[in-house]
Amino acid sequence: MPTKITVLFYSTYGTNHGVALEAVRAAEAAGAEVRLRRCRETAPADVVNGQDAWREQVEKMQDIPEATLDDMEWADGYFISVPTRFGVPASQFRAFVDTLGPLWQSGALANKAVTATTSAQNTHGGQETTIQSVYVTAMHWGAVIVAPGYANPIKFEDGGNPYGYSCKPGPLDETGRKSVTFQAQRLVEYAEKLTR
Amino acid sequence: MPTKITVLFYSTYGTNHGVALEAVRAAEAAGAEVRLRRCRETAPADVVNGQDAWREQVEKMQDIPEATLDDMEWADGYFISVPTRFGVPASQFRAFVDTLGPLWQSGALANKAVTATTSAQNTHGGQETTIQSVYVTAMHWGAVIVAPGYANPIKFEDGGNPYGYSCKPGPLDETGRKSVTFQAQRLVEYAEKLTR
Amino acid sequence: MPTKITVLFYSTYGTNHGVALEAVRAAEAAGAEVRLRRCRETAPADVVNGQDAWREQVEKMQDIPEATLDDMEWADGYFISVPTRFGVPASQFRAFVDTLGPLWQSGALANKAVTATTSAQNTHGGQETTIQSVYVTAMHWGAVIVAPGYANPIKFEDGGNPYGYSCKPGPLDETGRKSVTFQAQRLVEYAEKLTR
Amino acid sequence: MPTKITVLFYSTYGTNHGVALEAVRAAEAAGAEVRLRRCRETAPADVVNGQDAWREQVEKMQDIPEATLDDMEWADGYFISVPTRFGVPASQFRAFVDTLGPLWQSGALANKAVTATTSAQNTHGGQETTIQSVYVTAMHWGAVIVAPGYANPIKFEDGGNPYGYSCKPGPLDETGRKSVTFQAQRLVEYAEKLTR
């Protein structure tokens, strides 16, 4: 039975959507069964529609299912990609996380492998702290944290964030693709080990 | 002109509402002009109404205005009280924070004095990390962080959280009242110094 | 071949020594081969000898080998127990960590399972942040973080620190023994999975 | 009476020494009385002497007094500059911090203004987490944290670390000088306000 990975993301203008797509590709290439899921948009419709770039991104993601509790229970591991907002993940991610209480209480969130990535406008504007914040939460779930560290040479080329890949807004470049690929493969490898 | 303090809180079952009320009382007693503001409830109405305790708490807070950008710009200092959700503040707080982009860009959030408190179900279930998460965000705003440390003997009686008062759910006890009073007075004192 | 665990600790007055001994017992009971190692004392001899309790603790640990690079390379997983100093681990631990550069560069620190515990004078005086600080460092090594979460009922009795067991100074009580036992067993279980 | 600032740093190869010198210059230009103090080298002499660059740096700093408790008590504010080691400050800094217990107990560390900077080999290799770690500790002291945020346009040019200036190893460039100058001036400004 293949290892099951949920790639969970939120994206306002597309950056973390791009990371998530690359993570899906790499996880599938590594043999995993993958669900791509987005966090429900919680901003008011008039706010979203008031910005062309935001509205267009929402339209681009229409075919991606919104994450549910089942997507969290089903998976052996999570690849989480969320933009920063003042040093922690966007509230759309937190709003979804806040619905996980029942799963947590039942123990169904425990023992999953978790890795995370992020994006920020500034080089040092939360690229480290945002990922740490995801891991703090994942530890409450009883997750096993699979950060990349410097366990692959690509980490000395991609900005060297040992907690997870991070970038400024925009499409993934070649280095970013390699780094996300490594991180997703590593997640699959360890999620598989954990469930054996 | 008195020092202006916004007491900003979110509460599901009343704990942080109680802390906020005590902070208002203490800040006013210290000579501040105070606005008590709650973060808008973002959970779906049927979820809130499906739990008696939650619905009743929402009803109790009906007369407290929801926080706006003006409440953040107006104040010299913020007293923030929010419950944990898996080690970071509840998403209702984050949803409000995510609306502050325009204020941040204009510089209107900079140089405010900030202090924070929290509550958690477990003694060590995010009582430290949740407050740290608020401060990470406040540093993005350009705030001056006024944590209590152990700058008053009450901190050796209240559990000794140097980042801010924290507690388990329930009404404030006498020690909690003293600790919140100290922290609010300290905020007023430093907010006043900062604006002179 | 049994899973190899290094129990690495620093202790000034005995608390983390007690936790470490319990972790050794539990890890061996779970089938692991265990090395108990202490971080070298770096405080000046006159400071140590100037405090009876400190000097006596050093004497008690004379038969425990000081940690070396080989102990880090050898193990499949680390159980780390260190007291807080102002919210992060004692400098004796950090002094040892700072010698690990060559191992890190060679890649020999990567892919180890890591779990951590701590102690602090105050209930909320760094019991969460100190463990998080250990994990930040372990992520730089490329470790897999095996925090306990709430993956065992004991976590609802022991103060509920999901990052790792934590306590005030003193001998381990029955609840503490159970919690440390769970955390050590969990480490062995996952370290074994990771190395298969 | 001028505001009193202690610029406290540790440097292995010179980067944080350079930042500290710039901070001294800027703080004095802002009217402060400044003490430049270095954390005592705690690495064994043969380790230091085994690396030319390290030994030469120690020689360069011979005229800078080692930090003492009095330097911490004397000042109204601290400018702290320390390199990362696996995501937290170098152990030489922590060794000094661990001597501050008596000052802390007497209350003499409370109510100081604190700001911090760091350096790391990798762009995202602890440049955020290391500064956060300093602030966690400073909150235990009862400090008032004066992070730069984005309170000056230079923060949109210097990598945008809102917690404090950070850089890769090497001499300060023009942007770095401006950023450190802003951060030091800001510290002096707020330290002065706090002590009025």
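By letter and in written order, the chains are A, B, C and D; residue numbering begins at 1 in each of them.
Rule of thumb we're sticking to: a residue touches a chain if its C-beta (ideal position, glycine included) is under 8 Å from a C-beta of that chain, and two chains touch if they have at least 3 such contacts.
This is a predicted model, so every value here is computed, not measured.
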For the interfaces A-C and B-C, which has the higher count of C-beta pairs in contact? A-C
Can you give the whole-Å distance between the Cα centres of chain A and chain C? 30
On a C-alpha centroid basis, what's the spacing between chain B and chain C, in Å? 34
At least two partner chains per residue is the criterion; list those residues in chain D. 87, 104, 125-126, 129, 132, 136, 139-141, 162-163
In graph terms, with chains as vertices and touches as edges, which category applies: line, ring, star, complete, or other? complete
Sort out for me which residues of chain C touch chain B in the complex. 87, 121-129, 132, 156, 159-163, 166
Of all residues in chain B, which touch chain A in the complex? 42-43, 85-88, 90-91, 94-95, 97-98, 100, 104, 125-126, 129, 133, 136-137, 139-141
List of chain C residues in touch with chain A within their complex: 104, 107, 110-111, 132, 135-136, 139-151, 162-163, 190, 193-194, 196
